[in-house]
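Which chain is which? They are A, B, C and D, in the order written, and residues in each are numbered from 1.
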Amino acid sequence: MNDAAIMDVPQRSAEDRFRAEIADWMRAHLSGRFAELRHRGGPGDEEAFPELRKEWERELAAGGWTCVGWPREHGGRGLSITQQVIFHEEYARAGGPGRMGHIGEGLIGPALIRFGSAAQQKRFLPEIVAGAEFWAQGYSEPNAGSDLANVQTRCTQQPDGRWQVQGQKIWTSLAQESDWIFVLARSEPGSKGNKGLSFLLLPLRQPGISIWPIRQLGGGAEFNEVFFDGALADNEHMVGAPGEGWKVAMGLLEAERGVSTLGQQMHFSHELERIVRVAKQNGRERDAQIRQRIAHAWIGLRVMRYNALRMLAGDATSLGREALIYKYYWSNWHRDLGKLAMDVLGAEGDVRSDEPDIRALQQLFFFSRADTIYAGTNEIQLNLIAERGLGMPREPRGDSPMTTNNKP
Amino acid sequence: MNDAAIMDVPQRSAEDRFRAEIADWMRAHLSGRFAELRHRGGPGDEEAFPELRKEWERELAAGGWTCVGWPREHGGRGLSITQQVIFHEEYARAGGPGRMGHIGEGLIGPALIRFGSAAQQKRFLPEIVAGAEFWAQGYSEPNAGSDLANVQTRCTQQPDGRWQVQGQKIWTSLAQESDWIFVLARSEPGSKGNKGLSFLLLPLRQPGISIWPIRQLGGGAEFNEVFFDGALADNEHMVGAPGEGWKVAMGLLEAERGVSTLGQQMHFSHELERIVRVAKQNGRERDAQIRQRIAHAWIGLRVMRYNALRMLAGDATSLGREALIYKYYWSNWHRDLGKLAMDVLGAEGDVRSDEPDIRALQQLFFFSRADTIYAGTNEIQLNLIAERGLGMPREPRGDSPMTTNNKP
Amino acid sequence: MDLTLTDDQLMIREAAQSFLADTSDSAAVRSAMASSTGFDAAVWQRIAGELGWCATAVPEQYGGLGLGPVALALLLEQMGRHLLCAPFFSTVCLAANWLAEGGCDASRQRFLPEIAEGKLRLTMPVNESANDWIDGKQVLRARREGAGWRLDGICARVPDAGTADWLLLPARLDERSGQHWATGMFAVPRNASGLNIDALETWDATRRFFRVELNGVTLMPQQRVDHAHRGIDGAMRSAALARLYLAAEQLGGAQACLDLTVAHTATRKQFGRTLASFQAVKHRCAEMMVRIEALRSAVYGAAAYAADSVHGEPPEALALECAMASALAADTYFYCAQEAIQLHGGVGFTWEYDPQLYFKRAQASSHWFGTADALRERIAAAVFA
Amino acid sequence: MDLTLTDDQLMIREAAQSFLADTSDSAAVRSAMASSTGFDAAVWQRIAGELGWCATAVPEQYGGLGLGPVALALLLEQMGRHLLCAPFFSTVCLAANWLAEGGCDASRQRFLPEIAEGKLRLTMPVNESANDWIDGKQVLRARREGAGWRLDGICARVPDAGTADWLLLPARLDERSGQHWATGMFAVPRNASGLNIDALETWDATRRFFRVELNGVTLMPQQRVDHAHRGIDGAMRSAALARLYLAAEQLGGAQACLDLTVAHTATRKQFGRTLASFQAVKHRCAEMMVRIEALRSAVYGAAAYAADSVHGEPPEALALECAMASALAADTYFYCAQEAIQLHGGVGFTWEYDPQLYFKRAQASSHWFGTADALRERIAAAVFA
């Protein structure tokens, strides 16, 4: 088997033509000045070439390759799920860079299509489709950890109808590079948990907002703290009614339905290929333990692929068991892959390097430590799986009396 | 390294003579009709040759080798800890059989020395030392699981002063072969948890007691359910005062101080030697994964030995960190060893066999499943380690309000 | 590739689940374990005769339903979940599968229609090598005798041989084929002269295994049943599919371990709370679910891959897919059975409760066609090639 | 064997713990990491000069305290716990250890007293092989030149070479010794002509590593420092001891990871409860403690074994003891560092919090003298011998 074949599957259908169309387009366009973007900008590398990657978004838009899964009436390409799968696979196979527009395209866009007013849709969706405006998200707060409903950020309506925001969000990726941010804030003073929250859209570049990068263990700073001190949102930029913020926020998180995971997997596959290449070069391919771990990794890739296909085959209105396990599975697989990469590198891995394979694998090792933590830690994922997947009792909150039969 | 050397350590001290004395004695006495007892009667094999093993206890007693750690005034040999270590090691190295008298010698005897009346000591201790009376324990109850304080068995004092016992105990090993049983029973009606309990000694062979063996997954029945229906205990056979049962029961469990674990380890070492022998014979010694697991097992043996030596070196009045982890460590190590044994046997392991190595390893595989469950499950052990070893908050009981800072 | 199950497939799964819940509950399994043949003839009659499960994947041209590997894998999953004791795996997943993939035309005509009708039980040896039936490790020897053959040697482990009508036995020929000794497959009736079949007493009593000894068993020329050209590729394909079906069965077993555990912890109380309310118990059940769903993805994916693949294709890619599912299945089943025993607490290691039945099957099936380690080594070899 | 710590040993541990808590807290470590030399010269002066830690295990006849491996291991444990940045390991655990075990009398006289006094810093290469310094994999070549030697080649990883006074470098001679090339050890001053020392930028910034290149470095005869007879056994013993000391340091690091985690979870609240009150968090901390105490037993046991063992003894048994401690230490440290990051949640992977410092050291030290896998393979070879 050659390296490139690790994720290959036999293609027999008429969809081959569509696949070829994308591959051709990528070959023609991810070249010239865009060539250096190949395989860049993924997790752990999100800071790479931000301006050029924004131009790349516009290149994609010009080709009609942004928001490919959105309905046509909202400016999307209206691709079927199978076609979306093919698009994301071919995009990643060609080394397409991490998408600067993914929060707009994957999160806030679909949320606006579902919950937004006609005016909001008209104002924001075309800019996302065109690669003209980029988005950041403001969910997590310091000291809240995985408890998303523990929102301390407040918003207060001004006499002129605008909402003034006060508080702090954390783990906001690409905040410096973005134009807008969506924020979950407490609009009913004294409310608790997921009640009394509202969902607001704010321009990021305004006096009341300051952004502080968080330095990560690998030295990068993909994430930020965002401070709101009197930042303002127009009244018409609240999505849903005041107090409906939680509903919008949860609906937004459910929008992620597995299609883009296939693109993520092509990226993972590419990382495994790097490891295989290094192991062949430095002779660790002869180590029986490394071989077992390589096989484990290969098996995990296969599992993720079939798991994603099960997600796509499943009932689109409910979260299937395969969807429930997916975050936990991929993030732990990826963290293990990072350790495997480093062990294959051996002593060479300990020294910072500019050699592309080594550099990429070191980034993988360090950045993948965040995978099992952000977007729901391992611990939260296991709670969810037990409670929603197996119907086991909920964890009691400390501020409520202990109840053992409190089924979800 | 030859097999027998797996647990060997260099001997340089004057204790060598003592070691040789025991080895000589064992060689001379564990022979003739006792020869078939070698390496028998261990965990998973407790039903083997009960009568002959009782005779063996009397043989040991005649040589002064029962209750070697008890004080001389109670009929023991008064050995130092180092000497006890040597005794248990040499006993196990010679293939000494599982001790029928271990509950008397290791549990109830020391408890009587500490908590018993002079009359109780006079009545019971000599019989234990002589190998004349054998004991069973009655702690766990059905539906109580690992919650030892959840005692439903009741005892009521009769007009003649005797205590009548009503209830049921479970996981009682060797009940059919024993003469006496000690029982924790609720003497104060309406009391809860560890309050209102009393500690009673009862003859097992009486009309009010019936014994039902529990068939285990490996087919054996080392454990029993013991039913008490009006069984009687003399008033003078209550240890401590009424209501002091919990104190006695806990003191008894603490009596186990690590010396005998070194004997247990010699048994484990013998099992690992069997696995090594089989792997050499059937060629699995060439399997790189099996080799790693063999090394893991060898390392674990070493850890347990040094851990036991730390326990012996520690402060005898408090439970050190090394003592806190010991049960969890050895039981999981042993369960893994059972799986390793079976994997080394391969298909041969699936067929019941009379070949001694195969038979012993199959028993190991099945019986070791109980190791992580009886005497405090893994889950209870981890709670204890977190709460007592790390000072983390206690698990809330379902029947009390949730408290998060309820430190032990 | 689309993993959506068709209505037919969903119906088969549903029907199997409901039939087996009735006929293969704990009492039925224990009764079959204690019986002389190891299975309930009446249940087998319904499975093979009325329900036609043996016909599921047999090609239509040989009287089967031709529903392919996905439907058969779904059946096996339910069988594993309910610990069905029956000569189904040997007849359908070993023998019929081999015949369809690697058998000569005459042997297929001879056996497949009767298997599909549920009238014939066949079996084949299970070997411990990950290198399939073509690796030349067969211990049987076949020598030409007149126009026919004479077979000698021992097969250490043949499932259901005591009740099968025919045994398909691979034997080494005294001829070279390239670098290897050539191998032939021979159909031997159970009552053949010179054939001794001895029952083995296995810890996992939900399946029967036999030691088979051949002392000068003479066969007619037509009893050599492998296809002249397709033999090797066919053997590799059928070995891959046998792994897949075993993995599906193991998936069902692992699921049952989780289901038993969730049910037990929901009712059992300790320290005044249900066991299921302890977070550590929840997380461990969740971890089981993660591994089971991963395995389900692997099995369904490999089955869909097998369904899409065709006879002419080189078998290597299919072999890797099935090796993946199989390695994962062996580990996952054992893990879940171990956790089921542990989380059942004291009753978990008793004979009376069911976790032990799954546990023994998990161990016994962990090395049927090579251990998980060996399969991973094979995958690594392909990745590094 | 008695694992009771003596009063001296308890005092040393206590003193080290309290000194390092003051001088090697998080701010001090980060400041040393950012400094040009990689350590705080004033702290080093106190450690080597005032406190006399470098003398701990140096034999009394060479001006040391002769307190042996147990005391030195206890020191290393505390250093690891506090991430001490200092050229201690290279000077004491590599060079002085090697000199005491395998050095010729003259070289011991020359170096050990000054090391014990804290006046001299030495270092040696770290190689990735589990087969010690005698496996002939040295890439340096030593040729005779006149009465002396000429050294050429590259050492890829030498700790603290940029600040050491002397480097002890093993080199292959152009002579055979039995089946192997003979190896000699050479003492090279840092300012030797033809010696180039280049700093490596490592992820773990708590230690400095250097690439050392020798281009025709000429040495006097007395700069070959290995003992004529005891060279090989001494090298094996000192390699074993170096593993032990590294394991002790890793033990301290693992303990710190647990301590940080228990402290963090005790104060941090989520869903209205402290993290420490969640049973899954408790069990995972308990699991860390189990592994750490197991490692502690291994390290203390191996150290006591080393203290009981004597120079003349064949080194194999000691090598296995230390391989055991080392394999366990590499895995345990990484495990605990990983869990510390995970259980710290979002802040766990920030630069600002300390788990990452331990995490990087855990990874970097996981293969210093061979990986845990390689050490286990070595143990297996001995068990099966």
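Note that in this section contacts are C-beta pairs under 8 Å (C-beta built on N, C-alpha and C of every residue); 3 or more make two chains touch, one makes a residue touch a chain.
In this text, all values refer to a predicted model and were calculated from it rather than measured experimentally.
Peer 1: Name the chain pair with more contacting C-beta pairs, choosing from B-C and B-D.
Peer 2: B-D
Peer 1: Suppose chain centres are the mean of their C-alpha atoms. Which chain sits farthest from chain B?
Peer 2: Chain A.
Peer 1: List the centre-to-centre spacing of chain A and chain D in whole Å, with centres computed as mean CA coordinates.
Peer 2: Taking the mean C-alpha position of each chain, the two centres sit 41 Å apart.
Peer 1: Cα centroid separation between chain C and chain D, in whole Å?
Peer 2: 52
Peer 1: Which positions in chain C are in touch with at least two other chains?
Peer 2: Those would be 273-274, 277-283, 373.
Peer 1: Going through chain A residue by residue, note those that touch at least 2 other chains and give them in order.
Peer 2: Where chain A meets two or more other chains at a single residue, that happens at 288-289, 292, 379, 382, 395-396, 398, 400, 404.
Peer 1: Which residues of chain D touch chain A once you look at their complex with the stated criterion?
Peer 2: Touch list, chain D to chain A: 128, 156-157, 200-204, 209, 268-275, 277-278, 280-281, 334, 338, 341-342, 345-346, 348-352, 356, 359-360, 363-364, 366-367, 371, 373.
Peer 1: Could you list, by residue number, the parts of chain C that touch chain D in their complex?
Peer 2: Residue positions touching the partner: 278-280, 282-283.
Peer 1: Which of the residues in chain B come into contact with chain A in the complex?
Peer 2: 288-289, 292, 396, 398, 400-402, 404
Peer 1: Within the complex, which stretch of chain A touches chain D?
Peer 2: Those residues of chain A that touch chain D are 140, 143-147, 150, 170-171, 214-217, 219, 287, 289, 339, 342-343, 346-347, 349-352, 362, 365-366, 369-370, 372-374, 377-379, 382, 395-400.
Peer 1: Quick one: in the complex, what on chain B touches chain D?
Peer 2: So the residues of chain B touching chain D come out as 1, 6, 9-10, 12, 82, 276, 279-280, 285, 288, 291-292, 294-296, 298-300, 302-307, 309-310, 312-313, 321-322, 324-325, 328-329, 379, 381-383, 385-387, 389-393, 395, 404-405.
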